[in-house]
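Which chain is which? They are A, B, C, D, E and F, in the order written, and residues in each are numbered from 1.
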Amino acid sequence: MRPNTLRRLKAEGKPIVNAWLSIGAPYAAEAIAHQGFDAATIDCQHGMIGFDTAIAMLQAVSSTPAIPMVRPSGLAPAEIMRFLDAGSYGVICPMISTADDAARLVAACRYPPKGVRSFGPARGMLYGGADYLDHANDEILVLAMIETREGLDNLDTILDVEGLDGIYVGPNDLGLALGHRPLNEPEDGPVAEAIEHVRAATNVRGLISGIFCSNGTAAAMRVAQGFDLVTPGNDAALLRATMADAVKATRR
Amino acid sequence: MRPNTLRRLKAEGKPIVNAWLSIGAPYAAEAIAHQGFDAATIDCQHGMIGFDTAIAMLQAVSSTPAIPMVRPSGLAPAEIMRFLDAGSYGVICPMISTADDAARLVAACRYPPKGVRSFGPARGMLYGGADYLDHANDEILVLAMIETREGLDNLDTILDVEGLDGIYVGPNDLGLALGHRPLNEPEDGPVAEAIEHVRAATNVRGLISGIFCSNGTAAAMRVAQGFDLVTPGNDAALLRATMADAVKATRR
Amino acid sequence: MRPNTLRRLKAEGKPIVNAWLSIGAPYAAEAIAHQGFDAATIDCQHGMIGFDTAIAMLQAVSSTPAIPMVRPSGLAPAEIMRFLDAGSYGVICPMISTADDAARLVAACRYPPKGVRSFGPARGMLYGGADYLDHANDEILVLAMIETREGLDNLDTILDVEGLDGIYVGPNDLGLALGHRPLNEPEDGPVAEAIEHVRAATNVRGLISGIFCSNGTAAAMRVAQGFDLVTPGNDAALLRATMADAVKATRR
Amino acid sequence: MRPNTLRRLKAEGKPIVNAWLSIGAPYAAEAIAHQGFDAATIDCQHGMIGFDTAIAMLQAVSSTPAIPMVRPSGLAPAEIMRFLDAGSYGVICPMISTADDAARLVAACRYPPKGVRSFGPARGMLYGGADYLDHANDEILVLAMIETREGLDNLDTILDVEGLDGIYVGPNDLGLALGHRPLNEPEDGPVAEAIEHVRAATNVRGLISGIFCSNGTAAAMRVAQGFDLVTPGNDAALLRATMADAVKATRR
Amino acid sequence: MRPNTLRRLKAEGKPIVNAWLSIGAPYAAEAIAHQGFDAATIDCQHGMIGFDTAIAMLQAVSSTPAIPMVRPSGLAPAEIMRFLDAGSYGVICPMISTADDAARLVAACRYPPKGVRSFGPARGMLYGGADYLDHANDEILVLAMIETREGLDNLDTILDVEGLDGIYVGPNDLGLALGHRPLNEPEDGPVAEAIEHVRAATNVRGLISGIFCSNGTAAAMRVAQGFDLVTPGNDAALLRATMADAVKATRR
Amino acid sequence: MRPNTLRRLKAEGKPIVNAWLSIGAPYAAEAIAHQGFDAATIDCQHGMIGFDTAIAMLQAVSSTPAIPMVRPSGLAPAEIMRFLDAGSYGVICPMISTADDAARLVAACRYPPKGVRSFGPARGMLYGGADYLDHANDEILVLAMIETREGLDNLDTILDVEGLDGIYVGPNDLGLALGHRPLNEPEDGPVAEAIEHVRAATNVRGLISGIFCSNGTAAAMRVAQGFDLVTPGNDAALLRATMADAVKATRR
C-alpha cells in the first residue's frame, strides 16, 4: 500500500503543510496540490462541495505529491467511510466533544476487529494499492477537531482513545464556543491558552497536533509553537484576497 | 434591458477592470466577481470549463456587480450565440485575423438586420430583461482578439468593421506569432510596439482597447498607457502563486 | 448583512409567496424566482436535487429578488449547516415532532451562544455580506414542519422553543399521519381542523405560519385564512400540468 | 431496430405533438415526455444544455413513449453525429439556407453510401437495438429549419435533397429575417404567407412539415392548417407563465 | 402501479439476477441493465456515486427491463426516502444488526400507517405510475444486509420484523466481522456456515435471500444453494478484470 | 516536461497498448488506466462524454502510468486545442482525408512557428511541467485517422505532412467507406488489404501505425502484423460483454 507520507513527516519531526480546499473544482484542487503542500484536505463541511465533486477532487489530488484528506460534514460514519472508499488517506472530523465521539470516529476509519469500517475500498485500492486491506488501518490518519467547550473539558479522555492519530484545532469555532469572536490567531487570553493546552496535551502523547491558520506567516508561527500540521489559509479566502489586491493595484 | 455598464465606463473614460475566470467553479466565479471587478470573463478557450459549467458560472456572476462576458473557444458562431443566449453581455473572440473574421464575429452577436444571430435569448432575458430583443444589439460588447501576424497586418480593416466594439490583445499569442517567447509585458521591441500600435489605432477610433496583464501592477501600467479594459491576471495563475507563497511562508 | 425581506413582510402583515423548487436545474430556479415570488425554497427532501446542484440553484436564485431557502432531507444538523453556509437564508425542516427536535433544529441554525452552528459561511458571506456573523442569528429563518401526530400533540411546546421563527404545514404528510389520503386542501374534518389549529397557535404567538398549497387559488384561500407564507404548488407538478394541457389543447 | 413512430404517424396522417426541452434537467425532460407527447426535442441551440446534460436527458426521454430528438447548435456534422450516437432519433437542424446545407445535413445523418456518418452508435444501439446499423438510415428523421430569407428563396432545391425528411419552421427567426418582430403566429402579411408557402411546398412532396408554436391552441391551429409536426410552446416559457400565474392568483 | 417483477420471480421460484453498479455513469448503468439482468442496484455505499449521479442512473435503468434498486450509505431514513422518491423500487440496506434497525428500515420504506415514509414520490410516480401511493407499500422491496456478528446473533428477530422482504448477505463484511479475510465464497468454516444459516432461516420464512457473488459461476452456485437473488460481481471489478485480460492477451 | 513515453516505446520497437474510454466516468477511466495500458484515449467522438467530464477523466488518467490522449469529435482546431490545454498528450483525429486536413490537424497541435496552437496550457502545465512550452511541440503525439476512401487515395501525401506522428486505422468506418459491413478484423479482401497498405506505408516512413481492435487476441495479431499502437476493444463493449457473460453463467 502506498505509504502515508504524513506519518513519516511526523516521525521525522518535520512540519506537515496542508492545503485547504473549499472550492468545488478538481482543476483548482490539482493546481493547488502541486504547489509544495504535503497534504490537501477537501472540506466537505464548510466547502461548497458535494460528493460527486469530491470524488473528482480526490482523483485530481491523487496525481500530485500531496496526500489527499477529507473533512466530512460531521461525525457521520457512513459518510466518512464513503470518503475513505473514494481514496481519502485521512479524516479531519469536526466537533469531537467526548471520548465516545472519538471512539466512534476511529471505529468508522478502521476495519474489524479494530473498528467497524465496511469493506469496499473502490478508489482506495486504485490509489493505495492491491494490499489496501492489509495496511489501511495503519496508514489512514484520523484527526479529531477540538472546537467545543465540551471537547476541551474532555481533552484527555479523547486523546486516550486507542487509534486516534491526533487532533486538529478549529480556532474560529473554538473561540466562538468560548464566547469570543472567531479569530484564527488570538494573541492572548483564554482562547490562545486553550489552543496551546490542546497542542501540548497532544504532542506530549506523541500524537499529531494540527491547526487551521490565516496564512503562511501565521502557519510558520504555529510550527514554531510546536504544531505538527498546519494549514496556511483556505483556497477561497486566499483567492478572494489576491483578486481584491489585483483590483486595488490596478485602480491605485 | 439592463444597461451594459462597461459602455458607460468607456464613455466616462474610466478604466474597466476585468476578472479572468479559468477555474470551472461557479463558487469561485461568484467570489471573484464580488472583489471590485467591473467585468468577469469566463474563458472557454483556455479555461477548464465546459458549457454546462459555463452556464452556472454566468448565473453566479449575475448575482454580483460585475458584467458577465465569455471568451469562446474560437470564431464559432453557433457557440457564440449559445453564450449570448446564456446571458453573456460580451464576447472576447480569439484569433481574429481578417476583416471577414471580424464581420462574421459581429454578425454572430447581432440580430437581423445587423447580423444573423438566431432568436432565443433564454437566460439572456432573465439577466437582461423582457425588452432584451430591442436593445441587445446595442448593449452586447463585441471584442476581437488581435494575436496573429495577419491580424496585425489587417488591423485597420478589422477596426473598420461596423459594429465591432473594440479589440483585446493577447500578448502571449501575439508574441509567439511574432517569433518571441510568450510574455505578457514585453519591455521593448517589436511585440511591445505592436501592442502599442494596436491600442493607438483602436483608441483613435473611439473603440475599446483591452489587454490581458500579468497582475494588478501590470494592469495599472496598461491603464496609464491608455488601455480601456485590463485584466490583472487569471484566477488559476493567481491562485497557484498565492498558494505557493503560503507554502513558502510556512516553511521559511 | 443583506436583510431577510421575509421578516419585513411578516412585520408588515403582507403575505409571503414562496416558490417550490424540486427540479434540479439552476436555470429553472432562476426563471421561476424572477416571476414575482418573495422566496424560493429548494426542496432537498422530495426534490430531485443533490448538494452540487443545490449550490448552483442557490447561486441562481441569488441573482433574483427572491430570498433563497432550503428544505433539508430531514433534521440533520450537519446538512442544515451546509445549506446555510451555501447561502440559504432560511430552513424549512421536515418532521419536527417534539420540542427537542425543534430545539436541535434551532441550535443547528444559530451560532453560539444561541446554538451550535459551526463557523464557515462560505457563500453565505458572498450573498449576505461581510458582517454575516454579526447578524445571521437574527436574519436566518427557521421553520419547523408539523406533519406528524406527535408534532400536533406537542405543538405548544414546539412553538415555545426559543428562536423558532414559525412553522410550515405539509398537508399531505399530516393527512397521511392522521389516517387520510394526502390532500393539500382538505375541505373539512380532522385534517382541516388540525391545519387551522396549527395556524392559529402559531399566529397567536406572532410566529410565521406557512403552508404548501396546490396552486395559486388555493394559496390565496390560505392567505385569507391567515397564513403568512404560502407556496402555490411545486414546479414539477405545475410543469407537468401545463405540458399536459398543451398536449390536450393541441389534440382537441 | 425500434421503429421511429413519428414516421408511422406521418403515414397515418396523424399530427405529431412534440415537446420542446430547453431546461437542462433530466427529471424535467422525463416528466414532460410522459405527458402525452409523441416526440421530445432537446434544444441544444437556444436551450441551456451542454453535452453531458443532453446525454442524461436522452436517457430520461428513452424511458417514456416519446421519441427523442435533438436540435443541434447549428449545421455542425461532428456535433450532429454525437447526438445520433447518443440515441437521438431525429435532428432538427437550424439555419438551413441552401441545398448544399441540406445535403451536408443529410450526409451527417446517414451511413455510407448514403452519407458520411461515422460508425459508433454507442447509446444508439441501447435505445435502437442491435440491428441499428441496418435500419438507422431509414429510421432517423432529418428536418431542416427554414428561417432565413435565403432558405426561403432556395426552398425548392432544399426540399429536393434526397434523404431530407422534412422541414421545421422557426417563425421567430423567419420573421426577424424578413424584417419583422419575432412572433410565433403572425396573423397576416409576408411572414404568415412565407410559413404557409413552406408548409405547402413541403407537404406536396409528402415530406414532414413542422413548426414551433406558442402554445397548445396555436398548435391546434397549425395542425388545422396542415402542419404534420407541431411544438406547443417550450418548457421554460410555459413554466415561467404558469409560475407567474400562480403568483398572481395568490396575490389577487 | 408498475409491478415489481422481482416479487413475481420470487413467487415463481425463479432466481433474480441482479447487477451491481458502482461506476457513477448513467451510460454504463443503462448498458449493463440491458444485458439480461432482472434488477440493477446502484451502490451508494461503496460505489463512487453522489446523489445527483444516482438520479440520472435511476433514469437510465428505467429505460431497461431491469428493476432499479439502491444500496444507501447506511441506515439513514432521510436518505433512503430520497432514493425511493427518485424511483428506486427496492432498498438493500447495509449493516442491519438488530430488530430495531430492521424496524426502522422498514418504517422508512412504508407510508403510514405501516411506516413513516414522507409523501412526495417525485420520479417514483413517473416510473411507477399515478397510483403509486396505493401500491408502493406492497411493491417496494426492503432487504436488510446481515454482515455483523450482532446481525447474525439477532437474525431471527430481524427476520420477524413485519414488512421486511428479505435479507442480502455481504460475505466480505460478514467474514471480516467473524475475524476472517473478506472472501465472497469461503469454501468451508464458520463464514460459509453463517451464510448458509442466514439463507436457510430466510427462505424457511418465505422471504427473499440475496447475496453478493464474485462472478457468474459463483452466482450459479449460490442459486443452486437456494439463494433467491444473486449478484454476479460488481461492474468496476469485472471491468478491471476484463481490461487487464485484454492487456495480457495483447502482450502475450 | 514529462516525457511522452509512447515515443520511447515506438523508438524501442515495443508495442503501445492503448485503452479506449467511451464511458463518461472518471472512476472507470482511472480503474482502466491502472490495468497495464501504456496509453488511454478518451473518445469524444463516439463516446458518451462532454467536455466537463473529459477534463475530469484526463485528471483521473493522470494519476496512473498511462499517457492520456483524446479523440476529438472531428477536425475542429479550437476543440483540439482545448483538449491539449486540458492535458492530453496526444490526439487521434477522425476523418483525415487530405494532406490539407492533416496539415490543419498538425497546425492545431503545434505552437508557432510550427503551427497555430494558441498559448494557454492550463492543466497541460500541471501534468507536463513548467517547461511545457519548450517541449510540447516535440512531445504531443498527432495521429490521423484514415477511414475514408479519399483518405486512402491521399495516403502518401497525408503521411508526408511534416509533423504528423502517425496514423490510426478505424476499421469500421474504413470498411463502410469501401462498401462493406463494419468489421474490426476483416479476414481478407479489399478492407484487409487497405489496412495492411496503410500500415506498411506508415511504418516504412518510421511513423506510428495504430489501429482499433475487437479485443486482446485481435490486438496481439495486429502487433504481429506490425502495428505499433493497438487498442484491444473499447470499455463499453467489453463491459457489456463481460456483464452479459456473468448473466449467462448465472442462469446456465
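Annotations
Just so we're on the same page, a contact is a pair of C-beta atoms (placed from the backbone, for glycine too) under 8 Å apart; a residue touches a chain by one contact, two chains touch by 3 or more.
Predicted model only: the values in this text are computed from it and were never measured.
Considering the contact criterion stated above, the chains in touch with subunit C and with subunit E alike are A, D.
Just to note, of A-B and B-F, the chains joined by more C-beta pairs in contact are A-B.
Two copies of one chain, subunit A and subunit E, touch each other, and the residues they use overlap weakly: the shared fraction of interface numbers falls below half. Centre to centre, using the average C-alpha position, subunit C and subunit D are separated by 39 Å.
Inter-chain centre distance (subunit B to subunit E, centres taken as mean C-alpha positions): 52 Å.
Those residues of subunit E in touch with two or more other chains are numbered 24, 27, 31, 34, 48, 50-53, 55, 122-123, 236. Chain contacts here follow an irregular pattern that is not a line, a ring, a star or a complete set. A list of each chain pair in contact follows: A-B, A-C, A-E, A-F, B-C, B-D, B-F, C-D, C-E, D-E, D-F, E-F.
On the subunit C side of its complex with subunit A, the touching residues are 50-55, 77-79, 81-82, 85-86, 111-113, 116, 118-123, 133.
Of all residues in subunit B, those touching subunit C in their complex are 26-27, 30-31, 34, 55-56, 59-60, 62-63, 122-123, 126-127.
Contact residues of subunit C toward subunit D in the complex are 15, 17, 19, 23-25, 27-28, 31-32, 34-37, 48, 215-217, 219-220, 223, 230, 232-233, 235-236, 238-252.
Interface of subunit E with subunit A (complex): residues 22, 24, 43, 45-53, 73-74, 76, 94-95, 147-148, 170, 172-173, 176-177, 179, 181-182, 236.
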